[in-house]
């Protein structure tokens, strides 16, 4: 989940809504795996350009410290992720979100056959960035490829080039569908989201309806009165059941949420 | 799960069978809670009268050390438990099986309203035993009540008296159905199992068919050729799908597995 | 360590000063045990009367989440504790500070022979409070005895009565010196500290010199310019080496830090 | 510590001797860092050519599961390691011993400036081996370089070539003393040990006197009567205080312990 908008207490997002993210750990209905108990992480921007991150391998529903902290964090931009490992070890350095300078990154899905292509992918990461890779996941490697291809300058293009590169290397290794992804990434002010897979059957991704429009739809709903005007959520699975609240991001699409005009556009890999 | 029989490598029981105990963590179909990810524990007898225990709060499916150890433990009697917390903290001292001298104990279910009656229950534990209580669960308190009521001398009677006592105290506190339980307990040679609930709708409990009978039913099944003649399993949910392999323990019943004659009988609390 | 004063970022207290609390984990020179690696906890007041707590069994120096959070917590009153277990399990519920409603409690030392007198001490805890005991330490039992004896109304008296009670029970069990303690406790506005032991050879406890006086002593010291006027620290071991900054709490003494006049007075147990 | 000899219960090695390895965690007098609380690992050979490993980030002295298991492991060859991190994350995949097929590897010391040269070192690892690197330590990279340079065929030569390579790359990056090491590695039958540093001031390494000779020295010592004739220990710091029991491995030396003749020889890097 990626939240941006008026400053909000993290507890509201993580523990309050029906089918909150914590409950999602248990029941992940639209997710690819039965249960997501391989770690949890949140990243949030508060004071200063760099975000803080709290990550843990323990399942979110058991993390008493998380509950304590969530009530004391107020932030205008928060990422939250529940991990279902696709093979790499369960350790804090392999939990999302990943951070580099003022950027956060979360990835649901997989770079298939990662074990076979890992060396090539890592060798393509810029040497000055390579030093900062902490863990062993495909998701983190993907992040660092995107950084190498210019994420901080042109996020849409960088991710397209990263995907194009992974697809090329993957196919050289006889991997038919190298990339399955939904990605959220932010620099602290804007949040970019991507939905794409090589097989064109991508995991789910939703964004919330603009708040004023939603208030007109549901004038009685308490939860909307509390929400700030700039509230925007990007989620893997809808939170709650309010009709009209959620919009599916189309296949092969990408968007950006920022103060002012948001943007949704087609997404296509750029082959190297 | 409680295994007794010829010495077996723990890995065979924990990781091999279809719908193994580790997979049960994820999908617990017959269990009361959606997922059992609040800890895992095994206890086993090898050298000497006292069993060893390995317990961990991390979900079983992520525990690499468990996989390592399971391949190196050979034992004729092993208990394995997956915890779904009913309120008390997730910590190693609250994981099953519990141990006292040469006895092991596992309990699925709950002593309802435990928070209200905890003090009375603990006060009823024999002072010499009280010192050995390590955690804060209802299941451990239940074990120590059974010990107080003579578990080491007369397991059937002790558990009946413990249940009777908890029901009495519970009803004094307006708790309608104080006890929900399946219990397995062992002294290293025999294993006792119990299925009972105050509401007479108890969690599931199965025992395996005697091996020779099962071989006659399924002469081709590989897994049965490997199993020793004395193999007996007591489980919450059947492992595998072999027809005729599993027999449900009736409501309000108790039994014992031991070298020689096993025994299955009705179970009724003994009120204090 | 107990800090009270102007709101401060937790990172300043935990990680910055020479011989900071985190470094204290490693080198605890004045502490009774060689290294304090059995858990770490912080409690802090920010929004609302109840404090938040972050506790972990991992050694503080390895806790990346702690570093992350410390930079994002601003608080006028913070407790921080490093645990050296005196026998009870290392688990989050056994880490300090302990919390009850708006009160925090930390205890360095031990109730000797606790294993023998535990049952009697717990039975003396008020039944309505008993339900809230989460762990198995002597320190938490001590807290709940103090609560039972009126901590929220009269902290000095309540702690004196609790110590008197423990000494009496201890001596009945032939424990020569039942109590060794430094204690810090707070209701969110004032902080009380105690230094006492039955053998009159107590662990160390220091309080910081009033800031204005300290600035006059050291007009050039940068760290003092940053500190707020109300800054007051109570510590087990001095932080840093600034001459005149630290004052030892005498043997058998207690004090309170509050906005306005602080107070330091002799401490004597009140026998039951 | 590396033990080889007659099968022994792991508990004897880890918990019994004066200044046992577990106590070494706390007081590491000859080690470079004050306390070694960043993880613990054991690897042992029992059934089959591949060793099992049990590793944990929790300090060894708090690991109840370790105590339980140690009493149930009987092995003729055991590696035990206590980690003091030199910068990389504290996580299970970064704990020693490292394993590859039937080989175990432990390294005390550091590859200095690892962060700068990491990419080059990893690029030099054979692609087929690269896939098996799990963590992010210099020690594991060193292991995989040794494997690349032929550890399984010629351990003395392979380690010499690995050190030579690291020293060359290090000096290209202006690292004056690239390598500080004591290393122990085994294939399940023989154990090789190395002591070397670029600055020729290496961490300590000791091997035990041959048992029969030691018995003649100390005819009364109980511990020697229990020890098997083939007992050989290689340790960072001596266990116990028995005069004549321990022999220091010289600077720039390497040796092998195997059934039959052991061997000690000078060690020199082989530059690429």
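Should a chain be cited, it is by its letter among A, B, C and D, assigned in written order, with residues numbered from 1 in that chain.
By definition in this document, a residue touches a chain if its C-beta (ideal position, glycine included) is under 8 Å from a C-beta of that chain, and two chains touch if they have at least 3 such contacts.
Nothing here was measured: the structure is a model prediction, and the numbers come from that model.
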- Common contacts of chain A and chain B? C, D
- Note on the structure: Rounded to a multiple of 5 degrees, the Cα superposition angle from chain A to chain D is 180
- Go ahead and note the Å separation of the Cα centroids belonging to chain C and chain D. 41
- Using the touch rule from the top of the page, what residues of chain D touch 2 or more other chains? 64, 89, 92
- Using the contact definition from the top, classify how the chains connect: line, ring, star, complete or other. complete
- Note: in the complex, chain A contacts chain B through residues 26-27, 34-35, 37-38, 57-59, 61-62, 64, 85, 89-90
- Would you tell me which residues of chain C are touching chain A in their complex? 46-47, 52-56, 64-65, 68-69, 71-73, 92
- In the complex with chain D, residue positions of chain A that touch it: 89, 91-93, 115-116, 118-119, 122-123, 127, 130-131, 133-136
